[in-house]
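Remarks on the structure that follows.
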Amino acid sequence: MNYISIQDIDDINAWIEAAKAIKSNPLGDVELGKHKTLGLLFFNSSLRTRLSTQKAALNLGMNPIVMNVSGDAWGIEFGDGTVMNGNTAEHIKEAAAVVSQYCDIIAVRAFPTLTDKAKDESEQVLNAFAKYASVPIVNMESATGHPLQGLTDALTISEYTTKPRPKVVLSWAPHVKALPHAVGNSFVEAMQKMDVEFVIANPEGYNLNPEITKDTPIYHNQAEAFIGADFVYTKNWSSYEDYGQIKNTDPNWMITNEKLGHAKFMHCLPVRRNVVVEDAVLDSDASLVIQQANNRTYAAQLVLKKILEDLQ
Amino acid sequence: MNYISIQDIDDINAWIEAAKAIKSNPLGDVELGKHKTLGLLFFNSSLRTRLSTQKAALNLGMNPIVMNVSGDAWGIEFGDGTVMNGNTAEHIKEAAAVVSQYCDIIAVRAFPTLTDKAKDESEQVLNAFAKYASVPIVNMESATGHPLQGLTDALTISEYTTKPRPKVVLSWAPHVKALPHAVGNSFVEAMQKMDVEFVIANPEGYNLNPEITKDTPIYHNQAEAFIGADFVYTKNWSSYEDYGQIKNTDPNWMITNEKLGHAKFMHCLPVRRNVVVEDAVLDSDASLVIQQANNRTYAAQLVLKKILEDLQ
Amino acid sequence: MNYISIQDIDDINAWIEAAKAIKSNPLGDVELGKHKTLGLLFFNSSLRTRLSTQKAALNLGMNPIVMNVSGDAWGIEFGDGTVMNGNTAEHIKEAAAVVSQYCDIIAVRAFPTLTDKAKDESEQVLNAFAKYASVPIVNMESATGHPLQGLTDALTISEYTTKPRPKVVLSWAPHVKALPHAVGNSFVEAMQKMDVEFVIANPEGYNLNPEITKDTPIYHNQAEAFIGADFVYTKNWSSYEDYGQIKNTDPNWMITNEKLGHAKFMHCLPVRRNVVVEDAVLDSDASLVIQQANNRTYAAQLVLKKILEDLQ
């Protein structure tokens, strides 16, 4: 069993209940992962994912081994048939098979190029691990998805909703750098599986991949989208259509307390204050960002638990 | 309970006795930290602190998680109200609160700028963690203090003294780089709490912060200060008055066997041989530097033990 | 007991049998290393060694502590009597003695310069640790040897041979970068201890150190060497005679299925595909490279086990 995308969740409500059970008793399965090793391979920077996934592994009694692939090792080659006389020193066929000899589960973080759409959508790194590793793979944020975050967010909404079918808005917000679509994509997929009223707000030219958004309503007027919102999940992403470009930095899309109304504010973090969202929101009780970060542990722990049970 | 400065030690003699008890039975509390996580966050390089603090955590049964903040994650913002459209990607308010979700204790290393005295004295990084984290904070060397080292040094002097009230000299020595005042400051504060005759020797223009040295005698004549010394603790620091500047590189301040007489030599390490101290000293039985390094484990273990007991 | 070179193996057949016993029951000694710490110090990049040595330590119940010396700490000085007013901040005399305070065993990786033959052959880093550390040292690849790899390779040949005295060929292959002699040297030394027919194939000007190859036959004609081969172990190295130089990049030395015949293919990895060996070999059942990588764990575990038993 791999955990590659939100689509690997068969029944999101059952998973949410299972995550809540873990959260109420984090050490309940501390024998399950005994003498099992989780390899955490980072091709990119990480804070929450790095710490929460290790914490989840420790709660299951596993031994985490962390590796910064670029810094600790060398360039990895992904091309088929390449004559490797350039900068890459090891092919993913060997690297994935080799790491599988030492780790019972491999978790991988690998961001997109944001310049080569086809390459990013092929999920070259993650899929190569899934193909060539002989052990289960967990996605710690790939080119197009961040399913540990998406599961976390579903859990958090389930915990904090005060009504059976809350209205959830995913709102784009401005940023100074070109950012990936991974968090947005996985949040969309998670919300499509939940019993919520879900809409997206983003400027024109910023629609996410239509194969992911499907028939989810997309508003280009933020105020209109926010009417009656119970949760506003905010995230910047670069243009998908004009791939990886920054087309808009309009500060009017920044989230403010005034815009939020009674809605709860969510963000995956890290967040740039007073660019994506004003201080007043993050410093208020409307913000759930720290609670989300806490839930990262239990989402990861659920995924690892399911894989460990599947290995038995 | 935080461990931020030597001033957090209520009774240094009691702490020294407790550290000696740990040293005589390092695994005596191996159940105390079971399933507890120590996050070690390094904004700067470290060898002794990195290894000894992990070792201390392991002796208490804790799980250490190490993170090089700059290399593994991204730039952290400390300013209030900043519009974060520059190089920092996450505010300390979030970072500290988030790490608190995964770690039961957070240990932080963050060196001074040595260019901005006010910023350094505000202990921006450490104090921000103390303010925004929801778990105890341990100082692994901050802008102005290194209290794990200071406690180590007090323990070492207590172990090696042959008289009730030894004479201890803190002597400046030359160096090629501008170094922080942290080790010097914490050693001064530790000695002021102990029953020793304590004096400082440094060139003119190199007095440490007078709010720390208080009424400790300061000699600008090294030979005079060394008369009757039982312990000579050596450390370079840059000028405090002319903040962060190198005003003096006089090799006559280097420590030699001849100067030491019967005194023991101490240094926190790393030490530049034949610049700070001649080979003959370090290679002789007068040197306690390796014993000090060993005591780093027990000082850290005492601090972690006290915090763990306080958490219960 | 240190493990510095293949020459530290007293009886290679007994060691191979012991490694096989560990492989059949990897957790059989999980209490042996309880509360013992293995320090892994990397002066250079590592993937297999980094992961497999940690895995071996975990199988023995040890706590591994990993440190990238250059990135996590600072430059280490190795010269005797140096006035340390340059780029190095700590002398190996202190560094090795200090790390010995925190770790029960120290494993070190330090590559050669490939520019200074005398310095490389003095094994400056490894020998300094062996001299100044007060705990056992394990070589995780040094300037002139990689004995954990050599032991792994001996184990793998023993597992896969179908005859009492197989023919083993060590063949040089082309590469774009100047590579060390360490793997080649340790493989030669391991084969000289085993009951195999062992020959070396390399271009003229590429003979390894004659003090290591001794009376092992060296062919400059690859095809001739390969006649009747059961195992072809391939590795690039730079010239030893014209030290560290690339004298030959002849693609005719690349390993192909046609050249291999019925022989098994071995390589320590990482390997550059279609430069050192063609895809067809690595993707065939003739390749043992993944099995070799797996055996890295058991070779390391045997070495650590022997050292732990010796410490008792």
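Letters A, B and C mark the chains in the order given here, with residues in each chain numbered from 1 onward.
Throughout what follows, contacts are C-beta pairs under 8 Å (C-beta built on N, C-alpha and C of every residue); 3 or more make two chains touch, one makes a residue touch a chain.
If you're wondering where the values come from, they're calculated on a predicted model, not measured in any experiment.
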Rotation angle (°) superposing Cα atoms of chain A on chain B, nearest 5: 120
Self-contact between copies chain B and chain C, residue sets same or different by half: different
Inter-chain centre distance, chain B versus chain C - centres from mean C-alpha coordinates, in Å: 39
Sites on chain C at which at least two other chains make contact: 71
Interface residues, chain A side, partner chain C - complex: 35, 37, 39, 63, 65, 67, 71-74, 77, 81-86, 89-91, 93-95, 97-99, 101-103
Contact footprint of chain B on chain A as seen in their complex: 27, 30, 42, 45-48, 50-52, 54-55, 58-59, 68, 71, 176, 269-275, 279, 282-283, 289-290, 293-294, 296-297
